[in-house]
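Alright, structures below, take your time with them.
Here come two complexes built around chain A, the first alongside chain B, the second alongside chain C.
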Partner chain A sequence: MIGLKGTLNVIDNSGALLVECVNVLKNKVNNGWGSVGDEIVCVVKRARAISAAQQASATAVKVRRGDVRRAVIVRTAKAVRRPDGRLVKFDDNAAVLLNNKREMLGTRIGGVVSADLRMKGWGKIVSLAPKVV
Partner chain B sequence: MKVEIDSFSGYRIYPSKGRLFVRGDSKIFRFATSKNESLFLQRKNPRKIAWTQVYRRMHKKGITEEVAKKRSRRTVKHQRGIVGADLASIIARRNQTAQARNEARQAAIAKAKSEKREKEKDKATNKPKAPRGPAGAPKISRQQMKGSKGGR
Partner chain C sequence: MLTARLRALARSMSTATTSAASYPFSKAAILPTPPPAPPSLESLRKGKGLMPYLQTALPPSQKQQWLATLFSKRHPDRLVPGSVLTVTTAHAPNSFSGVLLSIRRRGPDTSFVLRNVIQRIGVEMQFFVNSPHLKDIKIVKRAGSGGGKAGRRTRRAKLFYLRNSPEKMTAIAGGIKA
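So, the complex of A and B:
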């Protein structure tokens, strides 16, 4: 249940650490909730420091603090129901940053992701993840 | 369909029951009921909660039917032949009666005696007569000794 002002950890190597949700894209209204596999618009609240050398490099996919990006939710602390009736919940909320074309910004994922992503069509993320539950 | 077990109490979790919790370190915990879940999150030790399987196993409750640790591990020794003597010859040797062994010994002694006598004869014909006299006497006596021992 991620909504406005909800914070998520970023688990890819795009450079951001913490993002804050600004809008949940599947809802036409502002007061909706996002769950695993939903796209959100978010603001980067904390990011990894980028050295000057890296700034000039070609692979400058690193995001900065204050950037507005899109992301997909991969873990929620609120339990999600599976088709067999099980409920799965994680310890924290996490997301993976995307660009406007639903492509990942980072290249690697560190941490476990929810298997519900596969059902919502994010197979690329699931395949990159080290562990899927 | 797989029936899981509860990570706290050891109860069985049937499909569509209970919850699955993934901790920050990616370790998975399954809970059958909110009671188990709540106690786990309060960081209670299941070993001290009297109704959990862990506690019951630790305090050996209700295990009288299955006697703990039946020791029936006796290794069976198999007779094996070795490089020098195959299994058949080992068994033959073992089953040889005392009489047979005695007879074999006698035969061996007689054989040795006859062989030695042959050797003496050869030596006598080859060597000159002088050393033969004194050499012959002790030799015969030794043979006699050997013979007496074997004859008994």
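So, the complex of A and C:
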């Protein structure tokens, strides 16, 4: 259940570390909740320092603090129900940054992701993840 | 002669019925009372005796056996919170191992929660015993085995305090290659 002001860890190598949710895109209202597999609009609260090589390059994606980006939720602390009745929950909330065309900004994912992503159509993220539960 | 008299006395005092199910190999055998007949369909439709009937009728036989042994409150082979289990399911992830945190006993709706730490992130999964997707439960380590502090049973039925203490989690489940 990620809504306005919900914080998520970023588990790809785009450079962001912590993002705060601003809007959940599946709902037409501002006060909705997002779960695993939902796209959100978020503000980058903490980011890794951009290396000199990245600064110089024109094509590298530079994620800075204060950027407004899109992301997809990959782990929630709130339990999510599977079709056979199982409930899965993680210890934290996590997301992977996206661009406006629903493509990943980073190239690698570090950490567990939820298998519910596959059902919502994020097969690319599931294939990149080291462990899917 | 005396023992035969005593046996006849015991036979007359016993409340077991031998009429319906008789043991073909001995006349002196005492058989337990047969289980009560299931309530009639009309009384079930009105709701009389419905829940006890569902407890025995809904789960398939293997799951009923699980409910009677692994998930009972007093069976010697029951699951104790703090055990490490591996669960095999029909859907992904096909197998999940973890420390048993809690058993929620609700008859056909019985479920249990396993906690594992995967790549430094804690993951908890709640499995329902009667789900047809739950194929197998294997006990990797029973709670209370091992000597010293680990050998004593946990003093709680629900081990939710393990969510906040990774040291106790590693004490229970560290070093297990499941």
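Rule of thumb we're sticking to: the second predicted complex is superposed on the first by the 131 of 133 C-alpha atoms of A that agree within 3 Å, B and C clash if a C-alpha of one lies under 4 Å from a C-alpha of the other, contacts with A are read in each partner's own complex, and residues count from 1 in each chain.
Rule of thumb we're sticking to: contacts are C-beta pairs under 8 Å (C-beta built on N, C-alpha and C of every residue); 3 or more make two chains touch, one makes a residue touch a chain.
Small disclaimer: the values here were computed from a predicted structure and weren't measured.
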Which of chain B and chain C A:A49 touches, first, second, both or neither: neither
Touching partner for A:A115 - first (chain B), second (chain C), both, neither: second
Which of chain B and chain C A:V133 touches, first, second, both or neither: both
Broader residue contact with chain A after superposition on the shared chain, chain B or chain C: C
Partner chain(s) touched by A:V29 [first = chain B, second = chain C, both, neither]: neither
Doubly contacted residues of chain A, that is, touched by chain B and again by chain C: 75, 79, 84-92, 111-112, 131, 133
Partner chain A, residues of chain B touching it in the complex: 15-24, 26, 28
Touch list for chain A against partner chain C, complex: 75, 79, 82-92, 111-112, 115, 130-133
Of all residues in chain A, those that touch chain B in their complex: 75, 79, 84-92, 111-112, 131, 133
Touching residues (chain side chain C, partner chain A) in the complex: 89-93, 96, 118-128, 131-133, 163
